[in-house]
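What follows is a pair of complexes built around chain A, which joins chain B in one and chain C in the other.
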Partner chain A sequence: MEKETLLEIQDLTIQYCMHNRTVRAVNGVSLKIQKGETLGLVGETGAGKTTIALGILRLLQEPPAKIAGGRILYEGNDILKLPHHELRKIRGNKISMIFQDPMTALNPIDTVGEQIMEGILLHEKLSKKDAYRKACETLEMVGIPAERYHDYPHQFSGGMKQRIVIAMALVCRPELLLADEPTTALDVTIQAQVLDMITRIREELGTSMLLITHDLGVIADMCDRVAVIYAGRIVESGATEQIFNHTSHPYTVGLFGAIPTLDMTEDRLVPIDGLMPDPANLPDGCKFCPRCKKKMAVCEEREPDLSEIAPGHLVRCHLFAKNPPKDPPAADGQDSGKEGE
Partner chain B sequence: MSELAKEILLEAVGLKKYFQTAAGQLHAVDDIYFTIEKGTTLGVVGESGCGKSTLGRVVLHLLESTDGKIIYKGKDITHVDKKRLRELRNEMQIIFQDPFASLNPRMSVRQIISEPLENGGIRGEEREKRITELMTTVGLAERLGDSYPHELDGGRRQRIGVARAIAMNPDFVVCDEPVSALDVSIQAQIINLLQDLQKERGLTYLFISHDLSVVKYLSHQIMVMYLGQTVEWSDTEDLFAHPLHPYTQALLSAVPVPKVGQKKQRILLKGEIVSPINPKPCCRFAKRCLYATEECFAGPPKLKEERPGHFVACHRAKDINQIDK
Partner chain C sequence: MTKFILKRVLTMIPVLLGVSLLVFVILSLAPGDPAVIIAGDYAEESILEETREELGLNQPLLLQWFRYVKDIVTKGDFGISWKTGKSVTESILERFPTTVLVAVLGAFFTAVLGIGTGIISAVKQYSIWDNLATMIGMIGVSMPNFFTGLLLVFVFAQRLKILPASGNSGWEYYVLPIITIAFSACAGQMRMTRSSMLEVMRQDYIRTARAKGQSERKIVMHHQLKNAMIPIITVVGQQFGILLGGSMIVEQIFSLPGVGKLMMDSINYRDYPMVRGSLLLLAFGFCTVNLLVDIAYAVVDPRIRSQFAKTKKKKAKEEAA
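The block that comes next holds the complex of A and B.
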């Protein structure tokens, strides 16, 4: 079935300009989110995940942030070119965001009900009474009794606060949800409840989602497609099944090797050596090559382009450039490790 | 495990820590029993607010216990004088969760590592030598010695925390969520470091974490806590193969697995952890439990050995798991 593209990011570049240096947070990122699908964006702290999400909604503090290039196409319009009043019609209405930390995403001096209702009053022509009813319905939808409309954020537990943040994001029935680490601050049993709820509501409303997380377990559970980001660059993207079963980029391979899992049998984890490069001082060639076990001479000279190693599966690595691997799944390793020498 | 690992290093007997709050008595740690054999790791898992960190601190005398006993190398150390406590500080150490908050921003790396050595009476050249050795042991380049914590990334900072903890060659280290603030690629480096140190120095760990995968990976035994109490305690393998407590079962099923096409049947719990202030004398998990009966609300369950070496505190453990009597 042919799917319609809901949001398309083309070559997005975002920098933070400090007085004496430029932090290159997002470097030419292109992503596509189709109607009804969930795209996972995985990466470590400082990889540029949150900057992309904030960039989509133009919520970045400009300056210091600067959108240096690219386009974000939503319904055929470039969000980056929209005037302010048009943007406000999209924010919280068509595209909304779930923030990572429910403790700081809520206003402590307003009741949670008022905070949920704010979005309705801004975007919909409803009377206060109807808006109140709708806010109550949304609270119930995320599993919080409507009686608690008049309570303040501090009267709720962490998991419930995150539900309220989700209710705020969903109240206008957005087409696209940007979820920035929605469950990272929560305990696993609560995380299971919240993820279950997000899935259920998304199915009901047909919402698309960009799910930002560093947890590969959550990705496997929730996402249709995955993009792996490293130092502001997409290094690998594809269907979840491709990324998990035919992991190709050395960084993605490294990520999988570094996490302990419940069913693992190995005696030792394989950490990725070294650190992420300073985004104010990125290497010229491949951004990952200083840490890469399969580094070749060409890696330092020139950054690889994305190559399609299987339909829809893109990898930014010289190992896969031009000469597509003969037997694709063999990419995870051991034997090709010698090429770097 | 080798036969050597039979010596018990630390034992907690009915350990309790209550806090007095405006709303009533908060039972942070309530009647905890455990033993740790020398050179092994006891993992403590549970959700935020279940009393894991408080337990770690009570064991180290960073908080005074309300009741119960702590037995270290066969001696009761629940009430000790200041002098003995100073000695114990050299033998029992802690690695804190947040490498950003637990290091003094005004001290250089060498100064931070030197502090426990100074306290232990090691001075002069010997101290400088030891600092350099420690930095090598934990994988910090010597050139970083004069750096300050803010100049370093989370992984390196946590290495300083590890160096500081092992400076006086302790026997026992409480690791209080030592990797939860770190990125996965860095997390693996610290986990491997902790594992190497245990092998080389025969360290005994009390490893506190909310991350079951990490705990499973590192621990020989695991204790699951819920609202200040032990709900289950056993060998790591047995716990994962046969979780007996309904809470442990839900906890294990809730961990997302990084594999596709392997949809686990999650046990979704109702509600959330209740308040530990003035808890009712019943099973504290009963309200969220799928199997709770009247019995569970009538009185607290006792920790019982339901399988060899596998303890569980649940009135219905037998019925739920069909254990033969």
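The block that comes next holds the complex of A and C.
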């Protein structure tokens, strides 16, 4: 059954313009997030994951960043064209964001309670007293005693700070949560706690989520669908089982090869050779071609389009493009395949 | 907090002792014999000797200093002016209100102008306003006080005849001196505010505030400015401290009877007790302002505040044990 689409990104292109070069961080990305689902966005550092999330809320520092093209449709409106006061009604209210580094995401001179309450007062018509009560409830919800409302960020540990950041993001019960590597800055035991908490609250509130991570384990745990991004382009996307059980794109295969598994004794992990191409100087053909073990002559010449190899499972690789469908059905796939060059 | 303030007040004592000793040594090394100035150029050697004996100038320097400090500590006596014969304390206190008024107003307008333009410069970085503010600021900082002052006197007092050039018998006499002070000092304030604001602007928590849907105005005035405050307070404090010791040049140009002018006249006349007294006041003013600045840090930043609280907790723990 087709679920309702909450957010649709079409052909999003974001560049960072420095004085002498243009970094092409996001190149024609299309994504769909449905109501209630969790979409995982996975890729290595510098692939453009965070830029996409920040782009959705228009939080990129402009300049140097520049949204060069595309549309971000939310409730039928293009977020990129919204006037500032309309955008502010969405930020923190309908769509909110959990940031990567909890150490720096909180304002050091305000109490954590004030910072949570700030969002409530902005978006809900509540008296200060009611807002205070709600902020305390939210603190309790993320497992922090309400007495700590009056404490400052420096009085909390990293894991607790991330809980506060999450409380801040969820206090207005947003429809969509953008979680940008919410556990990267935390140690492993705390990671599990925080992820469990996000899942629990998300289910309670029925929030959809875009989960950005480079941790495939987290993806397997939490996501309904996955999009793998490489050099600002989606290279493979589909349901989580499809990606994990029928891994197709050589890059995704490489990613899986670089993590240890429990059922095999391995002396060494297999890294993907080479580095991601300089985003200011991307190759003409397939972006992954220079590092690909299965590259062919055509790979250097022409970038492949997305091909649907199973319902909803899209891969951008010439290996799978033998019978490229002319107009790939969008089905519940998040990539409309419009970005072929 | 009280303990911290008390501790800081106590540390002021060695600072002031050091300053007074330094002043003693430097004045004794300065050319010119005070006895000659007091008794006159053509006074006989015997009279000069008598004068020196009277002023205690023949005694060893350390002994002179020791007596000076003893008089201050035991009697609150800073000596008697060699020029007027009046008590130093009285002369300084007489002139202090003028200096304080100039200092407070000067520091206030410097801060308002400097911080205001600094915020605009940071928010509209590289805009025409930013460039304009930087340019005017640079002109201000490059023009020495005496030049700005004289220029203002020439334009407003001599040509336009709308403001008085010197004296202090009304508020209008303070306008030009304060403009002179603010014009040359606000550039530093502006640059500090600008760079501090720009630094904070790139912090993650500013993005967090934006992600909450906060308005730009609130982000700048609350999240950004409050976090940028520490270096700004430091500069405001420094400037106030300097002004509190008497803005010598400005007071001289506009004939404002403040401590700065008093110090200047006393130096010319080799009126050592007066010089020492006013320099000590300057040092004391500086120390006090520094203390106020430190307290202001704690008010602005909870992280610094919690350091005071920690010492309190430690004390409570010790008492419990």
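Convention: the second predicted complex is superposed on the first by the 318 of 341 C-alpha atoms of A that agree within 3 Å, B and C clash if a C-alpha of one lies under 4 Å from a C-alpha of the other, contacts with A are read in each partner's own complex, and residues count from 1 in each chain.
By definition in this document, a contact is a pair of C-beta atoms (placed from the backbone, for glycine too) under 8 Å apart; a residue touches a chain by one contact, two chains touch by 3 or more.
If you're wondering where the values come from, they're calculated on a predicted model, not measured in any experiment.
Undergrad: In the superposed model on chain A, is it clash or fit for chain B and chain C?
TA: Pair status: fit.
Undergrad: Could you look at A:Pro311 and tell me whether it touches chain B, chain C, both or neither (first, second, both, neither)?
TA: The answer is neither, since A:Pro311 touches no partner chain.
Undergrad: So in the superposed three-chain picture, is A:Leu59 touching just chain B, just chain C, both, or none of them (first/second/both/neither)?
TA: It touches chain C, and chain B stays clear.
Undergrad: Going by the contact rule set out at the top, does A:Gly76 touch chain B (first), chain C (second), both, or neither?
TA: A:Gly76: touches no partner chain.
Undergrad: Who does A:Thr104 touch here: chain B (first), chain C (second), both, or neither?
TA: After superposing on A, A:Thr104 lies in contact with chain C but is clear of chain B.
Undergrad: Using the touch definition from the top, say if A:Pro145 reaches chain B (first), chain C (second), both or neither.
TA: neither
Undergrad: According to the stated criteria, A:His154 is in contact with first (chain B), second (chain C), both, or neither; which is it?
TA: Only chain C; A:His154 stays clear of chain B.
Undergrad: I want to verify one number: the closest Cα approach of chain B to chain C after the superposition, in Å.
TA: 8
Undergrad: Would you tell me which residues of chain A are touching chain B in their complex?
TA: On the chain A side, the touching residues are 44-45, 157-160, 187-193, 195-196, 214-221, 240-241, 244-245, 254-264, 268-272, 275.
Undergrad: With touch defined as at the start, can you tell me which chain B residues reach chain A in the complex?
TA: It comes out as residues 47-48, 153-155, 183-189, 191-192, 195, 210, 212-214, 216-217, 240, 250-263, 266, 268-269, 272-273.
Undergrad: Given the complex with chain C, which residues does chain A contribute to the contact?
TA: Listed in rising order, the residues of chain A that touch chain C are 54, 57, 59, 61, 84, 88-93, 96-97, 99, 101, 104-109, 111, 115, 118-119, 122-123, 152, 154-155, 165, 168-169.
Undergrad: Note which residues of chain C are touching chain A in the complex, please.
TA: Residues in contact with chain A: 202-205, 207-216, 223, 226-227, 300-303, 306.
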